[in-house]
């Protein structure tokens, strides 16, 4: 039995509050167990220099944690004057993942800025960020379609992420909380689409290794979890979800 | 009449949600009209180098805004690699204001870290931060007293802040929202105690000046607003408020 | 009696040497007791990006201290690679204060850079900087008027600053030196115009608070001191002073 | 047929020159097709602060490219004053991968610094770095064992890495050069041990996605390539290889 | 006798491998005893802002050391986030020296970037960098002439550099290795042309001083060494050397 | 004839005001023609980490220019967040030069910080800084000897510096002002002792070269100028000068 009584293949409770903050074009507070992330999508009517004049859009993401999102207060990256390698990895991952389900030409010459700010952390902050960021982006883009700014829906599929791992005693587990994540020998983050295709796969042995059959088991767990998360997204997005599915 | 229908001497609606985030020793989400700030107080059992061995505690504050707290997305200070002058001014102000109502010797050799993170901005973020930070700090310190870690309550009085200003057409006004703040000729931030004494007074003419009698009128408005904010603090803090008043 | 024999309402001896350095359009060495600041005003024929094409000018200030301006050598901010919060506060204050007495439209699309470099410090460096910076700016702008580059004098009034404070034993005092500043319970910087209107008011309790009547007393002292400083400015500026008063 | 005439499942020519540079405890120049990386392993007799007194060692890596390792000159990270997200990701990956095949307790309180400096780049620089870094580390650690500084060989298995990908026309391919990497829809880096267990798996759709059966095909290619690389390592390492295999 | 058996006026063995790396327009690996530097010359078809529209070219240099080029590993400047004073001095010196033998107008509006990366250090890295950088630049520029991009050879003379010094016991010595450099009382770097004219002269007493007659002796040694280095350059450059001599 | 009517071998007027600033142990304002530098020497009772416990002292220097010391305002290095290569070169030069005439063992475990702040620049700021810095250091050290803190005078000789150069029309000239420096083909900075021995020699062709006989002529000019500067130092230093000469 897991610390919080879950089955090995069970997600933590997930909620998404739409329009959590008033200014952004899309804003979602995603809660996955004890992890809470404000995901904001901002639409800007221009693209970075390397894309100018190409008739394509861009999606980029930033990720941060409040100092006291964690049990021990951490130092702000703005105070240290630089962004950690971990933060960079995560924000590059979020941006790349979202771009995989958007037709950037249909988006046109605009940038979608995704801001994922973790206000409370209990494991899985990067995968919760991806799931919430997709939802915020869908909200923002859906509104561009609704207003007629975009003629066609550029989002090509749903997108969600979860973590899976190997625990010495419990074996293969889905959606690790902080305590489980710290103890896991193998940790894998999986990003998938509504069609069940992979977008990102990052498996890491923490001073450990894993076999091919363990990998197969982990992927199966991830597929199950992500399918459930995408169900949740469809539910909260309502009409926007229908527009994506057409 | 003001844009939102308020009287010149009327505060915006104020709420404080205690224990908004689980990890900090004291956590408050303060809402003042459209301004929302997460104020977290963290207790650390040591002091900065310049105070070691002096038997005194310390209170320090950090302030930040989510990029999309504002109408236009702003660049993260962690991305720019440095903190703006505005941010520095605000966090120095918050720390200094709180220290004025705490007996640092009674606090003992511990530091209280205050983190004010603005998740939605509509004017008055620095004064809302002070009012919310006091409440978060009171929660955290109150618990140290309750647990017996501290023998006596080191907080000596209540503390709250508001802004007042001069508008060309409306005259003297209390608690400016973003629209009013942008238009005001004179802007003043006032921090006061429960006893009605000044802790900080920062009045600034924005390419304008003000007379002594205008100053007197502004101070009167501020006094009224701060008294109401402190009433609110007493209400939400309950037992902790009683401990401070003794 | 104060350490240096002054009355509570007495300024330290003040001198201003005009054209102290040859290159700047306006250069003043201001001495206020043991505090010495080189104030240089440079005129640049363009404005920062946010003002381009608006037909308005800009005034901005930088402040710094030589490492050994103080009793203990301090580390250079260029060596640390960043500017302290204190420096940022001061340079923002100087720029804002000067802009309050200049008609930026009459100044036209040019920037006045003010550099205040403290070569010897004994308290009150920020207020001495403002008083000296105004004088250097008046020199530089006066020459633009004289040469016909500017058709009308854009400076609308005189401007000077001083500090006032509350000492436990001496009570309310004017123009604090370093020793007095370190001991003061309340410290207030006041910037006023020749007409006696307020431009900036920054009062701070240092782990202390102050009452409304104490505030009134402090403001009275400041008014007296600033009137004397402005007399001094008129004296040294000669013809330029007359041009401002018209 | 691939640009350079290789079969889809064929590695580029690989060489490893041992003791390329004289100062490091282990130094290898690895060449994989047109990619050349100097991999140096330095042994330091202490560990980072977070490990002090734990009786364990540490392995950490840094990665860099000469400005003209690439076809277009890139700006030095030392000139920009900060390390890019890409560099951070790669150096974290190298360190983590190596730690998975070292018994850090047997290594004792010492740090192995791995420096991977790409002097010529033609795709696959991060995987060539891992393969070369393992060899340099094995050399350095082998010498510690030989000299009796270490009583037992702390390296528990061989380690090598390669990239695999999906090309629109050629399908699944092994060991992508720069031209192939730029065109690939899916790119995966795989790190495996001599026993055929996974250490890291990083698969990424570049504005594309991949199915489970494509993933299976990619993993098969990677296993074949890595087995060949490890054969190469055993060959060049000679006695050190035997010590690892015992 | 010197540590390595050389006479006082004897250079260490020197080799230059042309086209060491494939991408740069000119690439040379220079070896001077135990010192090895990769010198790459890159041609860019534009000039820095301060030269635009002047019809002149520019030559600029960057210098770096691999962390383990030295006996003790040094921290990367990219990790420290800033370039040391020593590195700045060296790269300014290299650029300035090369510009002295190039007719920048004949070069036209292009920049030559010189990258000197020390992969192994044993004293004299800055002078070996200059000698190698000249050779790499000559290769790159020679090819521009050969291809007809440049109508005339803009290089006006050969250029090489060496170090000389004063050792307490051995007296005046040429081409100091690391051990000699650490012990020397006086250290001088000399850059000269093929015609025997000085380009740079940097003599430094290390907590010591030197007389006029010692200076004369040092210059004589340097002239001899540099003449030999330039012979070497002519040998390896072949046809390009002839083009320079015309 | 030179712009300012000087002979080719004539220094500009030189003055040194001792005790210009009150706080430093030694303070000198040196004026060389239109160049003015405040040179402050601060004594600290400890040495940098690399010297601890060696019973030796250290001398280190920092150099800076006020933004408007020059004809065009330059950006502060503290605002840019980094020190330029030019500044680093100069401050390293000043420190190295002073250390050549101090017996660091006699100085004992203390550091002398030299701060050279150029308040007005007209060429030769680095050599004026050295001449002024020596004088400030002599003042500070002389007082340590006088107070008995040091038993013997650790300064072993006088030290001064000047620049010499080659002008196309005027030929060899001494002590270049800004206008001459900008036009010179060859520029050389020379640092010498009272005994006429060299400490530093930095000769640079600015897109030009120089012959051996030109070098000889430059050194002769420098010797003459430096002898005159050292006479000046002896004059202003009075008793301290006598202590050095014993």
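Quick notes
Letters A, B, C, D, E and F mark the chains in the order given here, with residues in each chain numbered from 1 onward.
By definition in this document, a residue touches a chain if its C-beta (ideal position, glycine included) is under 8 Å from a C-beta of that chain, and two chains touch if they have at least 3 such contacts.
Keep in mind the model is a prediction, meaning the values are calculated, not measured.
Chains touching both chain C and chain E: F. Between chain C and chain D, the least number of touch steps comes to 3.
In terms of residue-numbered contacts, B-C and E-F present the same interface, as over half of their contact pairs agree; the other options in D-E, E-F or A-B do not. Look at the CA centroids: the one farthest from the centroid of chain A belongs to F. Note on chain placement: the centre of chain A and the centre of chain D lie 29 Å apart, centres being C-alpha means. In whole angstrom, the spacing between the mean C-alpha positions of chain A and chain C is 52.
Centroid to centroid, with C-alpha atoms defining each point, chain A and chain F lie 60 Å apart. Those residues of chain B in touch with two or more other chains are numbered 81-83.
Beginning the circuit at chain E and passing next to chain F, one meets the chains round the ring in the sequence E, F, C, B, A, D. Looking at the complex, you find that chain F touches chain E at residues 82, 84-86, 88-89, 91-92, 96, 99-101, 104, 188, 193, 195-212, 215, 219.
Considering their complex, residues 21-24, 27, 34, 36, 38, 40, 42, 44, 62, 64, 66-71, 73, 76-83, 87, 113, 115, 117, 119-120 of chain B touch chain A.
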